[in-house]
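The structure's right below; bear with me while I get my questions together.
Labels run A, B, C, D, E and F following the written order; every chain starts at residue 1.
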Amino acid sequence: MNSAELFEDVVHLPDPKGQADYERLVGLDEYKERLVKETLLLVDPELLRNWNKEHHRGELVALDHFAARPSLFVLAGDVGTGKTALARSFGNEVAKRARVQVHLYALSLSARGSGAVGEMTRLISSAFQQVRDAVSKSRGMDGRSGRGIILLIDEADALAQSREAAQMHHEDRAGVNALIRGVDDTAAERLPIAIIMCTNRLDALDPAVRRRAAAVFEFRRPTRAQRIHVLRESLRGSDITEPELESLGEATGEMPGHQYGFTYSDLTQRLVPSIVLDAFPDRPLAGARAIEIARRMRPTPPFRENGHVRSLGGSNV
Amino acid sequence: MNSAELFEDVVHLPDPKGQADYERLVGLDEYKERLVKETLLLVDPELLRNWNKEHHRGELVALDHFAARPSLFVLAGDVGTGKTALARSFGNEVAKRARVQVHLYALSLSARGSGAVGEMTRLISSAFQQVRDAVSKSRGMDGRSGRGIILLIDEADALAQSREAAQMHHEDRAGVNALIRGVDDTAAERLPIAIIMCTNRLDALDPAVRRRAAAVFEFRRPTRAQRIHVLRESLRGSDITEPELESLGEATGEMPGHQYGFTYSDLTQRLVPSIVLDAFPDRPLAGARAIEIARRMRPTPPFRENGHVRSLGGSNV
Amino acid sequence: MNSAELFEDVVHLPDPKGQADYERLVGLDEYKERLVKETLLLVDPELLRNWNKEHHRGELVALDHFAARPSLFVLAGDVGTGKTALARSFGNEVAKRARVQVHLYALSLSARGSGAVGEMTRLISSAFQQVRDAVSKSRGMDGRSGRGIILLIDEADALAQSREAAQMHHEDRAGVNALIRGVDDTAAERLPIAIIMCTNRLDALDPAVRRRAAAVFEFRRPTRAQRIHVLRESLRGSDITEPELESLGEATGEMPGHQYGFTYSDLTQRLVPSIVLDAFPDRPLAGARAIEIARRMRPTPPFRENGHVRSLGGSNV
Amino acid sequence: MNSAELFEDVVHLPDPKGQADYERLVGLDEYKERLVKETLLLVDPELLRNWNKEHHRGELVALDHFAARPSLFVLAGDVGTGKTALARSFGNEVAKRARVQVHLYALSLSARGSGAVGEMTRLISSAFQQVRDAVSKSRGMDGRSGRGIILLIDEADALAQSREAAQMHHEDRAGVNALIRGVDDTAAERLPIAIIMCTNRLDALDPAVRRRAAAVFEFRRPTRAQRIHVLRESLRGSDITEPELESLGEATGEMPGHQYGFTYSDLTQRLVPSIVLDAFPDRPLAGARAIEIARRMRPTPPFRENGHVRSLGGSNV
Amino acid sequence: MNSAELFEDVVHLPDPKGQADYERLVGLDEYKERLVKETLLLVDPELLRNWNKEHHRGELVALDHFAARPSLFVLAGDVGTGKTALARSFGNEVAKRARVQVHLYALSLSARGSGAVGEMTRLISSAFQQVRDAVSKSRGMDGRSGRGIILLIDEADALAQSREAAQMHHEDRAGVNALIRGVDDTAAERLPIAIIMCTNRLDALDPAVRRRAAAVFEFRRPTRAQRIHVLRESLRGSDITEPELESLGEATGEMPGHQYGFTYSDLTQRLVPSIVLDAFPDRPLAGARAIEIARRMRPTPPFRENGHVRSLGGSNV
Amino acid sequence: MNSAELFEDVVHLPDPKGQADYERLVGLDEYKERLVKETLLLVDPELLRNWNKEHHRGELVALDHFAARPSLFVLAGDVGTGKTALARSFGNEVAKRARVQVHLYALSLSARGSGAVGEMTRLISSAFQQVRDAVSKSRGMDGRSGRGIILLIDEADALAQSREAAQMHHEDRAGVNALIRGVDDTAAERLPIAIIMCTNRLDALDPAVRRRAAAVFEFRRPTRAQRIHVLRESLRGSDITEPELESLGEATGEMPGHQYGFTYSDLTQRLVPSIVLDAFPDRPLAGARAIEIARRMRPTPPFRENGHVRSLGGSNV
C-alpha cells in the first residue's frame, strides 16, 4: 500500500484556500493559538530555550516535561462544529509564522485495512514510518527542521477505539497498540510532527491514547452571535435586513423541541441552500421567507455520547 | 462485477410510464418540486447564477454554500408511502424541463457483496466510478451536462447503517466509509449526480451519511382525503357512491385497535384486490360489501423505529 | 444443485389423494375459496376482464391494482392447524375448476444452502428461475397459461426471517433480498405462479416480505365442534356413542392447566393412536377408556410468539 | 464416515444381558408396554388389522391415523432415571414376542460432525439411509418385516435443539431439518423403525421435532419404595436388616437441604460403592454405617430446566 | 502430537519427593484414604472379592455396582487448598501399599488443541488411548495389573465445561463428548485407571461429566488450627513463640473486610516469604513484625462461583 | 519472530538515565525496596542462606517456601501513577547493589500475535525461552548468576486476561496457559528472573496468574504533598512562590466535579507544558496564571474498574 492509499491526501501548506479557511473559523481563537504555538515549537525547539533564557534562572525542568510529551492533540466535539476544518487549516498559520513548509498528512480510514491478520498494525506502522521519513529528509544541520508535519487522524475513534469495549476485535486492539507505539516513538525522538485526532466520540477513544494527549480541545455548536455572523456573510448581497438576521439567529438556536441549536454545517449546507432554492427561479431572497424556512428546519441531533456534554470553557486544554 | 450486477437497472428517462407514475403521486408536491429543482440545477448550474444576477447585488456567498453541498437526498418514511415511487419517477419531470436525458441508476443490494474482505468497499467505489464515467462522457464544452444522473440507493439503511451500532461488522463499516467518500467526491467535483437514498429506518442511517444530506424528506401514510382519492380512482366505473367512499375513507383510517391508518399499498395492493375478488365471478362491486371488507382488514403495522414518529410538516427539508 | 435438491417434491395435480385431503379440511372454507380463486385468475386472467365487462362501466383501475400485486399468500398459525395441508391440497381444486394441470413446487429448506457466501442467494434465485421456466413452457398463444404453478415455502420464517433481528446473519439477509426480488419479478411479469408461505412465526417474517403479501391467512386450533367432528370420523365403526364423543370434545378443549385445546394433529396423531394402542390387542375401543386417555394427555403448547395471539375473524384477508 | 462412526454401536437383540436389564427396570411398566407394543406393530402391521376385524365394524379411520404417525418416541427426564436403560433394553422384549431379530442402532454424537458446512446434514441423512437399508434387506414377500429396527438418539437435545433459541447456529438448524426429514420419510414409507430420543432437556427439543412425537414419556426419580427395592437387591448377602433398609430409603429421599431424592444412579453408582469402600478391607457391611454414609451424601441436583417439573402421572403418553 | 505434548508430564511413582508431599498434606485424611483405596482396588480387583468372601454370604450385587462405576473422582474447591497437591501425590501411597509402579499422566491443557475442527476430540481420544495402551502392556496373566495409572486433568473445567452454557463453542462440546466417551470406555473395560479432575469451578463442570463421578471431594481453606500448624512448621528455628503463632493464626483468618481466611498458598507463598524478606538482610525473624505483616496482607479472594459455598463435612464423598 | 519483535526493547542496566529515573520516583520507597531485594536474592540466593545462618537455628522451612514461589510481581494501579516507571528503573538499583548487569526484557504487546491458531502460545513460550537462555549463558560455576533478568509485561491484562470472562477467546485462553506455564517453570528451576506485570485493571488479571504473584503492589495518585513536590521541581528557576505552589497543590487535588486528583502524568505531561506554553513567547512563568490554568484543567478520569478502589496502605505486599 503506497502513500496514496495510506493517506487521503498530502497537502503542502501554505496555500491560499487553506489560509482563507483558517481565517474564516470564528470563536476558536484559543484553540487556534495553542495548535499554532505547539507546532511552531516542534518545528523550531530553539524558540522555547530562547524564551527560557530570557525570562528565568537556569533551564526549567518544565522544559524537559514539555519536550518529553507526545505532541498529540485531540479535537473532540459534535458534528459540524469545525474540528476538521481547524485541523486541516491551522498549518497555514504555522507555515506563515515559521516560514517553512508544513505538510499535512491526512490518514485514510482505509488504514484500518481489510481485517486481515496483522494488516492494520502494518498499515499504521507504515504510516508513521512515512511521516518520519518525510521529517528526516528535511532536517538541517542545526537541528531545526526544514519542514513541519501534521498527521491528521480524522474520525479517530474508528482507529483508536477504547480497549475497554468488551467486544473489541483482537485485530483492532493490535492496531491501537501500533498507534500508541507510533505516538510514543514520535515523542521519544522529538520529531516535528504534530498528531491531530478528531473525533465526535471522545469517550470512545482508548484511555491509553487519550492519556497521551498533550491537550484535548472540545468544540461546541455556534452561539447565537456566531450563527448570525455566518448567515450575514452568506446572504450579503440580498435585501435581508439586520433585524431579520437577528430573527434567523433566534430561529436556529435551541427550541422547545430540541435542546441544541444548528451546527455550522446545518447553517451552510442545509439552511442557506434551502433558502436559495426556495427563491429560485422567480423571486429574490427575502428575510421573512428565510425565517419561515429556518423555523421549519430542525438541527442535526448531537452524536449520542453517554448523556455527557462537556463545555468548552473548562476543557482539558 | 459489471454494471448489470452493480445496478438493478439503469433506466433512460423520460419514458411514458414513468411520467404517468410521477403524475399519479398525490400529496407530495413539495418534495416533487424540490427534487426536480435540485436535479435541474445539477444539470445546468448556470440557471442559478442567472437567477442571482437578476435578483441580487453581486454573487451571494450562499451560492457557494449551495454548490459545495453533497447533492444527497434522503427519502424516509414508512413502508408503502411512495418514497421509492417518487425516487424512480421524478427524473421524468427533470428530463422534460431540462430537455436532456436523465439516467436512473438503481444500486443493487448485491453491491454489499458477499462479505469478502474489502469487497463491499470495492463494489461501492466501482458503482460511483461508473456513474461518474457516465457523466463525463456527456459533458459538453460549455460545462453544461448533456445528461443528468440519478443514483438511487433504495433500502439505504442496508448499506449506510449507523456506525453507532455496537455490533456493526468491520466490513460494513468500511463500506459505509466508501459510500461517504463517494458522496464527498461527487460534491467536490460538482458532478450532475443526484444521490437519492430511500429508507424506512431513518434512525439507522449512519450519522455521517445523514449529516451530508442536503435534505431529508419524510413520508407519511395517506390522510383521510388522500385515501378517498385513491379509492375513488380505483373503483371508478362501479356503482359505489360518494358517501360509500367516505365510509371507506373512515374504515381505512386509525381505529381503536391500531393507531395508524392504511398505507398507499394497503389500499391498492390489498384492499382493492380483496374487494374485487370478493365480487368475482358473480356479482358487481358493491359499496356495502367493500366497506365490510375494509373494516375486517388491518393496516400494515409501521416499521418499528425507536418509538419515534416524525411528522411531514416540520421535516428537515 | 438440481431441481430434486431445490425442491422437496414437485407434485402434479390433480391427484386423488390430494383432492381427498382438500375435502377433509374442515372449517377453512373462506381460505380455501380465496386461494382457489386467486390461483384460478393467475392461470386465466381473462376471467377477471370478462367479469368486469359484464358488471361495470369500462375497465376498473382496480383491475390494474389487482394484477400488479405479488401473488404471495401467507398462511400463518399454530402448529397442527392445517396450514400445510391446505397449501399442499388446494391446487387440486384449481386444477379441477380450470381444467389445467397445477404443479406444486415445495421449496426445500436446503435452499438455504450451507452458509457459503452467496449460496442462499443463488439457490433462491435458481428456484424462482425454475418455476418461471416451467411456466413459460406451458403458455399458449392466447396468453392463457396451460399450467398453474404453486410455489410452496413451508416454514417460511426460516427463509424470510425479519431483517429487524439484530443478530441476522449477513448471508441470510442477502437471501431474503433474493426472495423479495423473486416475488417482485413474478408480479412484474404477471406469471401464473401463486407463492404460498406457511409459518408459525408470523412476527418473524421480514416486514418487506409480509408487506408484499396479497393476503395473510391466520389459522387457529379446532373448536369444540370441529374436534368432535374429527374424532367421530376417526372412530366410526366402534361402539363409541355420541355422548361419549361430546365428552371427548370437552376433554380435548381448554383446561385449568392449559389455556389452549388440542390441535388437529394432537387429535389424529396422538390421541387417536393412543386410544387404539390401549385397546390393542385384546379389547375393542371403548368410550370410557378413550375419555380417560384424553384427560391424561396434554395438548401441544403453542409456538411461543411474543405473547400475541391473533384471531381468525379479523385477519388480514 | 462409515457405520462404525455414525453409530456408537449396533446391537443385535435379543441378548441375555439386555433381557436382564429390561427385567431389572422397575416402576416403568406403562412405558415398557407401550414401547414394546408400538414396535411390535411396526414389525408386523397385520396384527392391528386383525385386531380391528375382530372387534369393530369395518376398518376404523383411526387405523389410518395410527399408521400415518411418525414412530418417534421421546424419553424425557432427569439424569439417572433409567431413560437410556429402557431405550437400550426394550427391544429384547419385542424380539422375544415377535420372534424376529431387533437391531438397535445408537446414533453417535459425532453425527453432529465437526461443524463443517453441510456436514451434520449429510451425516444425519446418511444415518437414516443406513437404517432404511437395513430394513429393506429384511422385508419379506408378505410385507412383514423380518427384522425390527430401533434407532436410538441419546442426548437428543444435542441434535434436535430448539430452533427458537436465538443463538442457534445455522449449521445446527440445517441438521435439525435433516432430522425432521428423516423422521417424516420413515413415517411416510411406514418402515418398521422405532425412533427413540432420550433427553434431560425436554424444553430444548425443537418444537417441530417434539410435535412429531407419537408419545413423550417422562421419567422421574425413584420413589421411596423403589429406592428400598434397589438397595435391598444390592446389599443382599450382608446382614443389613429390613428396618435398616427402611432408614436407608428415608435417608435417600427429599430432605430440608434438597427438594429431590437420590436418582437410580446415585444409589447404584455412588451410595452403594461408598458403603462397600467404607467397610473394605477390614469390616463387613453394616446397616448403621451405611445409613450414616447415605445421610452425608447429597443427591445429584436435577438438570436445570426453566423451573418447570412435569409429573409422570399426567404425561403426554 | 506425541505424548510429550498431550501430557504435561508423566511421573513414575513412588518417588521420595512425592511421598514427602503426600505426608505433608494435613487435614485431608478422609480424601487421602478414599483415593488410595479406590486406586488400590483398580490395580488389584481381587482384593475386593476376597473381602466379600470373608465377610458376607455369596457375592453382593453391590460389588457389581462398584466395579461398573467410572473410576472418576472430582477434586473441587478454592484456589490454594491442596487439590492438585493431593492429586499429584496420593499415587505414592498406592504404589507403596500395592507394591506396583503407579504412573501419573497429567493431561496438558494444550489437549484442547488450537480450535481446529475435530482437533480437541482427536487429542482427548488420543490421550485416553495412550493411558489404555500403558495399562495393557502391564497386565499380567492373572488379571492383576502390574501398574496403576492416574490420569490427572487439572483445571478440568477448561476441558469439561458445562454444556448448559449457552455460549459453549461447538468444538468444545464435541471435546466434552470425547471426554465422556473416554471415561465410559475406561469403566466398561474396568481398566486400572483412576481419573482425577481438579477444578475450582465445580458448577462449571458438565453435568454429564459430574454425574459420572464416583465421588466429588470438596476442599476448603485451612482452619485456624491448620493455619497455625503450617506457620509453626515454616518458622521453626526462629524465636517466634507459640502465643505469637496463635496471633498469626488469628490474623490470617476471616476479618471484617473479608469473609474468608488465607489459603494454604497465601500462607506459604505470600505471607512467609514476606516475613522473611522483611527481616532480611539485617534482622532475625520476629513475631511482632510477622503479625504486623500478616495483618496488612489480604487473602486471595475465592474464585467467583454463583454465590454458592459447599462445606467439606457434608460433601458428595 | 526474533527477539526484536518479541520484545519492545532489551535494556542493559545500569545506565545513567535509568538510575536518575529511579531516584526521581517519590513516595514509593516500600515498593522500591521490596523489588530490589527480591531481585537481588534471585541473582544471588546465597545471601538468604547466609542471613539465615547468622540469625536462626538451622535452616528455616520458610526459606524453602521463599525459594519455591514464582518470582512474579504485579504492579497495579491507575494510569500515570508510576508503575511502569518503577518497573523499568528499579533494575538499576539491583545492578548497583549486586554489581552485576541486569537485563530488562520488555515483552512486546505483539507477542499476542495476530490471532492465528497457536501463535500466542508459541510466542509467549518463545519469549520465556529467550530469557531463560539469557540466564543460562551467564550462570557461573558457583550457582551465582552473572546476570539478573527482569521480564517486564506491561499492560499485562492484555495478555493475562481473566479466564472468568465469558467472552474470552479460545486463543487467548491458550496464551494465558502458556504464560502460567512460563511463570511456573521459571519458579521450578529457580531462575534469576523477576517477572513484573503492570496493569491498570487488576481485576481483569486471570485468577490463576494473580494467585502466583509473590506480591501485588498497588499504586495511587500522588497526594497533595507529592503533587507540590513534583511541581516545585518542575518550576524551579521561575519566580513562582511557595504559597503559590501550595495553591497549585490544592488546585490539582480532588474537587467537587471530580473525586480524584491529578495523576503524575497529568502534572508533568499536561499541566506543566500548558503553563509553559501559556507564557511563551512573551512572558515569564507566573504563579497566578499557573494556578488559573490548573483550575481550568481536569484530571484524567480513573480507568473504570468495577467501582472498586484499593488503597496502598493495606495492599497485598
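FYI, contacts are C-beta pairs under 8 Å (C-beta built on N, C-alpha and C of every residue); 3 or more make two chains touch, one makes a residue touch a chain.
Small disclaimer: the values here were computed from a predicted structure and weren't measured.
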item	value
Least hop count linking chain A to chain C through chains in contact	2
Whole-Å gap separating chain A and chain B, where each centre is the average of the chain's CA atoms	35
Separation of chain D from chain F, taking each centre as the mean of its C-alpha atoms, in whole Å	60
Touching two or more other chains - residues of chain E	167
Chain-level touch network, classified as line, ring, star, complete or other	ring
Order of the ring members, counted from chain E so that chain F is second	E, F, A, B, C, D
Touch list for chain A against partner chain B, complex	79-80, 109-110, 112, 114-116, 155, 158, 165, 167, 169, 171-172, 233-238, 265, 268-270, 272-277, 279-281, 283-285, 296-298, 300, 303-304
Partner chain B, residues of chain C touching it in the complex	34, 37-38, 41, 47-48, 51, 55-63, 65-66, 68-70, 117-118, 121, 163-164, 166-167, 170-171, 173-174, 177, 207-208, 210-212, 214-215, 313-317
